[in-house]
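Once you scroll down, you'll see the structures, which are given as structure tokens.
Consider the two complexes below, in which chain A is the common component and chain B and chain C are the respective partners.
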Partner chain A sequence: MDLENQKRVLELSEKFGKENVVVVLGASEAETAGLAAETVAAGDPTYAGPLAGVSLGLAVYHIFELKEEVDADVYDEQCGMMEMVLDVDAIGAEVKTIRDQYSKF
Partner chain B sequence: MLQDKKVIIIGDRDGIPGPAIEECVKTAGADVVFASTECFV
Partner chain C sequence: MTTPIVKGAAYVLVHTPDMVMHYGTTCSAEHDANPNSEFLKKVPSHLRNYEEAVKYAPNQVYIGNMLPDELNNIPKPWYKNLIADAKVEGKMGAMVPQDEFYIAMKLCDAFDLVMLEKDFTDSTKAKMSKIPYYTEDEFAKVKEGFDAADIEKKVAEGAEPLHFNGNLVGCVKAAHASDKNLTAHIMVENIVSKASGVIALKNLIHVNNIPADSIEYVIECSEEACGDMNQRGGGNFAKAIAEVAGAVSATGSDTRGFCAAPTHALINAAALVKSGVYKNVAIVAGGATAKLGMNGRDHVNKDLPILEDCLGAFAILISEDDGVSPVLRTDIVGRHTVGTGSAPQAVMESLITKPLDRSGLKITDIDKYSVEMQNPEITEPAGAGDVPLANYKMIAALGAKRGDIDRTYMATFIKEHGMPGFAPTQGHIPSGVPFVGAAREMIMDGKINRAMIVGKGSLFLGRMTNLFDGVSIVMEKNPGKVEEIGAVSKEEIKGMVAETMKEFAAFLLNGK
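Moving on, here comes the complex of A and B:
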């Protein structure tokens, strides 16, 4: 994850409280989704950014996992096209694995 | 699940961009505190 975004995630989780924050991802591949999820839940696996060694344990989901939570028409308009071309199941499974392992909230 | 939560959005230019995710999660009652779109190219 981009270093500036890591910094913002760290600042916002301190400001609002880790239990009140949810991170929502839009990554196009399972691998990048997993890396981003790991970064905000367990710490930066590349040890390059502000979250290196910082295990925030934030709740993290890919937007595809939240389909049932969102208004159906809006979801269809904003995500419908990409849902057809991306591997929704693989992305969801990867993010869920990280969440089950590291998310504390 | 998202009702009244402070949501941080990390979108992807090649996947779902930040503004699209923002439109979606707002309908679930989320309070979006940061939205970004990353580019992995």
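Moving on, here comes the complex of A and C:
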């Protein structure tokens, strides 16, 4: 995950409390989505950014997993095309695996 | 008013394996943080030699010796299936080895900042004497080199080293004692960008037999910035490149926009020609040392060669209509506006379908889309996927959502209207423009009628905006020059009106 984004996530979780932050991912590949989920839940696996060794345990979802939570028109406009293009199941499964393992909230 | 056409294109790759270690940000950052790292120890054994880089199929496509679709016939991995009869000279450019590039850097060194060792200079100059795009006068400007001890001393004092096969053969000095924007490191980046841009512009002139003095304007569109402490991006690479390439009648300016800049430059050049301001406008960009070996960590971990070992450069000439070369449709231009938003669908609509809709064209009316043409063999091991394929999938999905194509046709659409990625991951270099030369060839050979060139850029990397950017333009077959039979000029109309008024006045006065 981008170092600047790691910094933002850390700051937001400190400001609002870890239990009040949900990270929503938009990554296009299962592997990258999994790495980003791991970063905000268990800590930066590459040990390069502000979340290296910081286990926030944040709740983390890919936007594809939240389809039912979003207004159908908005979802179609924002995600409809990408849903046709990407491997929705693989991305969702990867993020869920990380979430089940490391998310505390 | 004339129609702008693509008169020619040139593509150059400079193989710089020693620069990967010292100037690529991945290796240099690792060197600063962890100089004894296992990764750095493994890098030298993963670097390719020049011959391997020349024979690498995507590189042969980039310099114009193969069409992009021909990559579909070469088994992957391409780095293991080299092209046996590959050539250094390309139909649209050339491959350049590192030693010859250092001489080109010296040729571009207006302030005596580049020092090259004596024997290295003599032997490399001698081997370059037959390269057709250099003149004897230019070689004469590269004076006798320096003693190795002098170069070592300068490096010890802070100059940036230039290595060849692991040996120190030169250095680049800082251009100022304290100015942070004229440090030795920044001067290397800028001289490299300028020199590779010069080689591209020289190739454009040579390959297309264009009189250098016919170029009136140069738009440079790389990602570097030149200036001093008082104006960090003051410029101007364009004129500096034009000067060395012998474009004596040209002035120019630099256009920036991350990876989207070359397509912005293409549209700007087309507009300047269309409006009649200039007859011949060249767009040009050199390569970026920082991106050498950018994904090297993943390549080493997965036991691949470090495939990002080449600087990319290109130059394209936009001219007045010659009745033959493909035209640039300035009336079919897409743009990602401030209000477009960042949803992928909105981005693709703004760049692809909105300009087509305005001209009554369907998604299938474009025979080939040139998007972000990164070589997937570089990006896939790093987890970034196949970037061109992802773009083609999005265009196909957009077409299916709109009803332009059937969902079941998406895979065929991607195969027919897309192509494999082949460009080096040099930021601005892979975005849209690598296909302009091949598109010109395919259109003129009657293989396709129309191509769309799409440039996209990640502006947020500069931390000035969170916005993304992109522009697109359509290239199509030249309908041939149409004689303006029966067309009348403004002056003629004025004359006709005056004549009629005179006759009417005479009628009133004379009553007849």
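What we mean here is this: the second predicted complex is superposed on the first by the 105 of 105 C-alpha atoms of A that agree within 3 Å, B and C clash if a C-alpha of one lies under 4 Å from a C-alpha of the other, contacts with A are read in each partner's own complex, and residues count from 1 in each chain.
Please note the rule applied: a residue touches a chain if its C-beta (ideal position, glycine included) is under 8 Å from a C-beta of that chain, and two chains touch if they have at least 3 such contacts.
Predicted model only: the values in this text are computed from it and were never measured.
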| item | value |
| --- | --- |
| First (chain B), second (chain C), both or neither touched by A:Leu3 | neither |
| Touched partner set for A:Glu31, first chain B, second chain C, both or neither | second |
| Which superposed partner A:Met84 touches (first chain B, second chain C, both, neither) | second |
| First, second, both or neither for A:Asp71, with chain B first and chain C second | first |
| Partner, of chain C and chain B, that touches more residues belonging to chain A | B |
| Doubly contacted chain A residues - partners chain C and chain B | 28-29, 32, 77-79, 82 |
| For the chain A and chain B complex, residues of the former touching the latter | 1-2, 5, 8-9, 12, 16, 20-29, 32, 36, 40, 63-64, 66, 69-71, 74-75, 77-79, 82, 86 |
| Chain B to chain A touching residues, read off their complex | 1-2, 5-12, 14-18, 20-21, 23-25, 27-28, 30, 33-34, 36-38, 40 |
| Residues of chain C touching chain A in the complex | 343-346, 348, 383-385, 390, 393-394, 397-398, 400-401, 407 |
| Residue ranges of chain A in contact with chain C within the complex | 28-29, 31-32, 35, 77-82, 84-85 |
